[in-house]
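Presented sequentially are two complexes of chain A, the first with chain B as partner and the second with chain C.
After this line comes the complex of A and B, so read on.
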């Protein structure tokens, strides 16, 4: 990066920290943006330095989604708040079947937050956005006093374009449809728990945080008539299925034996009294499609790295109560209810 | 999961269910009280009731520590945090238990009280070490099972000279509660044919303290593990005792429970705690010798003595049937508040809070059955 005459002393990324002037709108903020944010987030629309990004949208229906990220801890096995903020919003856009185009990012920084940590987070964000091919094209930074935030909060907004002929919505599940998941449940939540400072257990579990738009693109190319897609984040699979059942006015019948859960995740949940069905994911999706398309869809998903462990877990049924019911691995039957209360706060 | 999946085996469950169905006499009832909330949870989570013949019914007992804690103790804990500005540390389930005036620890926290959720007593000690200028109080609850960790924490604090750590002690003892339930059993109380006895409690105190159930009250006991196959095997053992006219304390959970229990832990508890002359249980009233307080040698670490509080008499919620449900006299669906407005999202009674509470288990795992569908699993057997 070329040196900027306005800032004779470079930002100290080793020992420096965010102070109130970094949110002032003045010279210090310009330096933070120039020397830290734009060092990593270098899309031409962002470098241009306007308060907005100007572009011509491609033809078609557009979707837009926004997501705030307040995860604690900021760095965890398999990711950090930066990569999560990119993946989370790309996935929310992609669950409509859309091809995500651009991201916007808003940062709320706490006074005293180490600049080195901020640089790590922004670098990770840039890597995730580059890998996904979805650039951050506009952003905003604010600073709050020490004690009024928790390091850094990031809000990302994404837009995308839905291909012709695709209509994916949570209210389209029909009795007879088949329910699929793209891989093992609960990895993200357990990875976060393992790093929480008040939980001293070590596990090899990594967060599954990943951008799912390419998997979605292959899925809709093979089966354009997918009825529902949703990423089971907070509240886990159980909550997502209840949401879809409620929106569509149907019931769901799933089989516990068919739901992929890693042995380590199952063991950690057992120890902590958690149910993996309620633990958050950040790189998985739930799909609902017509029965005659299900085999084709699951085969397609198996062909993609992020869907290699995809499985058919049940089916949509008629039920005026809109209950999600499960045949347990033990041979009994039970209802799978919405998550009550807060199982794990600040998981994303 | 090795050593877990074996106790949740579908084929074994089917065989056990067939044996129970074959051996249970159709002409009589088998009303079995599972004492522990852990059993209640397993019965619902795995759908065990629906693998049983219709004349074998599980009656849910009071063995959920969160459920039996009287409202006055939650009021007391909130007063500790608000009147003395201490850092109050507690297990997660307690956060949502309703207190008087529709308060809870969760609401007190939102209003600014320093209340923290912890997973282990070691977390509390760490918080006390890291905040030497704060008084840190551990809200200790639980049956015999959870007393040794509290005892160890007290001993560690004493050894380290941690002066800002204290314990608000609410540990309770199971035999006294069982005695109360059995002495009120009969036409006006709960009707019981057998008891699935507490097993994690028994790893500590052994199976011997339950002999009085068989000897005084003529009710057979099987100390039962918490996995679904444990529960089913224990039910079969009770069916056989009843069919053969036996009345004994049997131990199904032999992989962890002995007659004597854990002597070392018992000695530790004797050293650190003393038995309270009486203690209030939600639903059961004031029971003699039913709870622990800190021993005199640890009185200086007793939060009740260190921080005197003023609280008004607790105000129970009108219409809440938790007391009768805890005695096994009523089922959750007998309560007018059940499901509307009392749900796990908006608990009005303690039994709707913990996953071991009968109301929460009914609601979360079985509410559809109460209103509509017949059990599906049973029809497949």
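After this line comes the complex of A and C, so read on.
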């Protein structure tokens, strides 16, 4: 940072707080952008200071996805709202098979929010974006009065390019297809709830928050004809499977025994009265692919750190009712319905 | 809407309200999306129900821009948060010279917010997007508890394509260039403040909220070498000129008499103790172009409804201090500084 005549006194990132002037569009906002946002998110397009980022994408099909983040608490085992906002949107872009290119970030700050916490969040965002190779290239900051927000909300939007020949969509599941998950279910939701409720489990449960685009890239390289990909976030695996069944006009048959759930997550869910199939994940995906490609796909996924615990959990069936049914551990069968009501508010 | 076994009872758009389950990811959220968002924003990419929109843009340079909207009140003379969220982001994209292609919209709703108001906002958004020819193709909805938000916040993100040969950026102003504005200053901010404070002026002052991309398209067709374009929103004309002077490393000299301000806006500003040069606009732009192109540019702008009151207001000068100076109506000169503090909170 060079000295700037506009800002004789630097922002106090230790004891300072957001005030309404930081959303004014004027001098205070310019200082917040310069000394906090641009300091961490130091991409040349952002530094340039225009209201939009300019770039030349490779030719071909693109995707765009947006996701608001209102998670509470803001900091949790395994991440914070900053890293989550990067991972969440990268994953939504990647679930089309796309290679994510760029992110935009819109912040809504509450008056009085500590600048030190904001700096910690933006630094975490920058680390997550750098690690993923998907920079934040443009942004926006608004401030609302105390009691009209909740610390910080972050809406991230991502764009990406879809490799030629790839067509992944929620309406492509066909009877006979196989259903896979990339690892254990429920880690994120249980980590958040434990933190929120101050539950001191013996083993700390950490969020699985992670960027899945590289896992997806290896998957589509091995099996270009993947039919569906989706990350089971809010509403968990159960809701995601119901969405896919609904979009594709099919039923699904899964096996409870085949679904990976960590012992400590299962125990916490039992204690809390939660079903892990409805608990949010932030670093897992569901894949649907043709039966004759499933073994190849699961082996490929096993070769990637974020897919090491991947498993085939069931198959797509014909069903005009579009039900998701599960063979339970006891050999019975039950319908796994859409999440009704709200299991875990503000989980992402 | 066809009947859907998942939702035996339709959303009550007359008396219903947002509750936490509408952010769950489950059944209630699917219903809100189906019966409210998709009903109005009926683009095929949105209806498909994937977490991302897929499209093939024309080849070449692109821009991306994002903007959070936290305006209070939500409904005001000349618009509402829905139309504003569409216009605001279209304008940020267009200020690069780009043709806007698509929008993404992220909603953060407060528990208890009337569904009827939400429907009115989303319908307004749809009308604005349709009128502009820039559809909302993907979105997201989150819900926060009562007292943790303020009705509705909308973050819109836009992408667009930049025509070949166009290079518009805040760092391109050069000494000798001419500065233009597309119309009267301060209408939006005064309209919002009048509504907020329940000031009953004789003449209702309406926001100038409008999408400027078609005006921009005619401008760059006539004068491809426009150097800078920016919409003087938060912080008003004064702040925008200071931003451009700072980015380009130049000074600016403007003439007070040349800056269009409506008589009723000037009167309201005097009453409220505001300087119209610092009041937000949502349907105006500032342009900087080479001197020998300025007449052609202003004539072109006069030919478009949104530029009918365009005016040349000053010129770019050499100045290592990067000051914006104004020749006042009395023949004196004063420095027009960055906005300090917060003149009008939550104006957009």
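By our rule, the second predicted complex is superposed on the first by the 341 of 348 C-alpha atoms of A that agree within 3 Å, B and C clash if a C-alpha of one lies under 4 Å from a C-alpha of the other, contacts with A are read in each partner's own complex, and residues count from 1 in each chain.
What we mean here is this: contacts are C-beta pairs under 8 Å (C-beta built on N, C-alpha and C of every residue); 3 or more make two chains touch, one makes a residue touch a chain.
Because the structure is predicted, anything quoted here is derived from the model rather than measured.
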Partner chain(s) touched by A:332 [first = chain B, second = chain C, both, neither]: first
Chain B versus chain C as contact partner of A:270, first or second or both or neither: first
Contact breadth on chain A, by residue count: chain C or chain B: C
Touching partner for A:25 - first (chain B), second (chain C), both, neither: second
Touching partner for A:96 - first (chain B), second (chain C), both, neither: second
Which of chain B and chain C A:115 touches, first, second, both or neither: neither
Contacts of A:340 with chain B and chain C, given as first, second, both or neither: both
Chain B versus chain C as contact partner of A:289, first or second or both or neither: neither
On chain A, the residue positions that both chain B and chain C contact, one per complex: 321, 337, 340-341
Chain B-touching residues of chain A, taken from the complex the two chains share: 198-200, 263, 266-267, 270, 272-273, 321, 323, 325, 327-335, 337, 340-341
Contact set on chain B toward chain A in their complex: 1, 4, 8-10, 13-14, 44-48, 50-51, 96, 118-119, 122-123, 126, 228, 343-345, 355, 360, 363-368, 371-372, 375-377, 380
Chain A-touching residues of chain C, taken from the complex the two chains share: 5-6, 19-21, 23-30, 48-57, 59-70, 92-93, 95-96, 98, 102, 104-108, 137-145, 147-150, 153, 155, 157, 159, 162, 169-171, 230-231, 233-236, 239, 243, 246-247, 278, 280, 321, 337-343, 345-346, 348
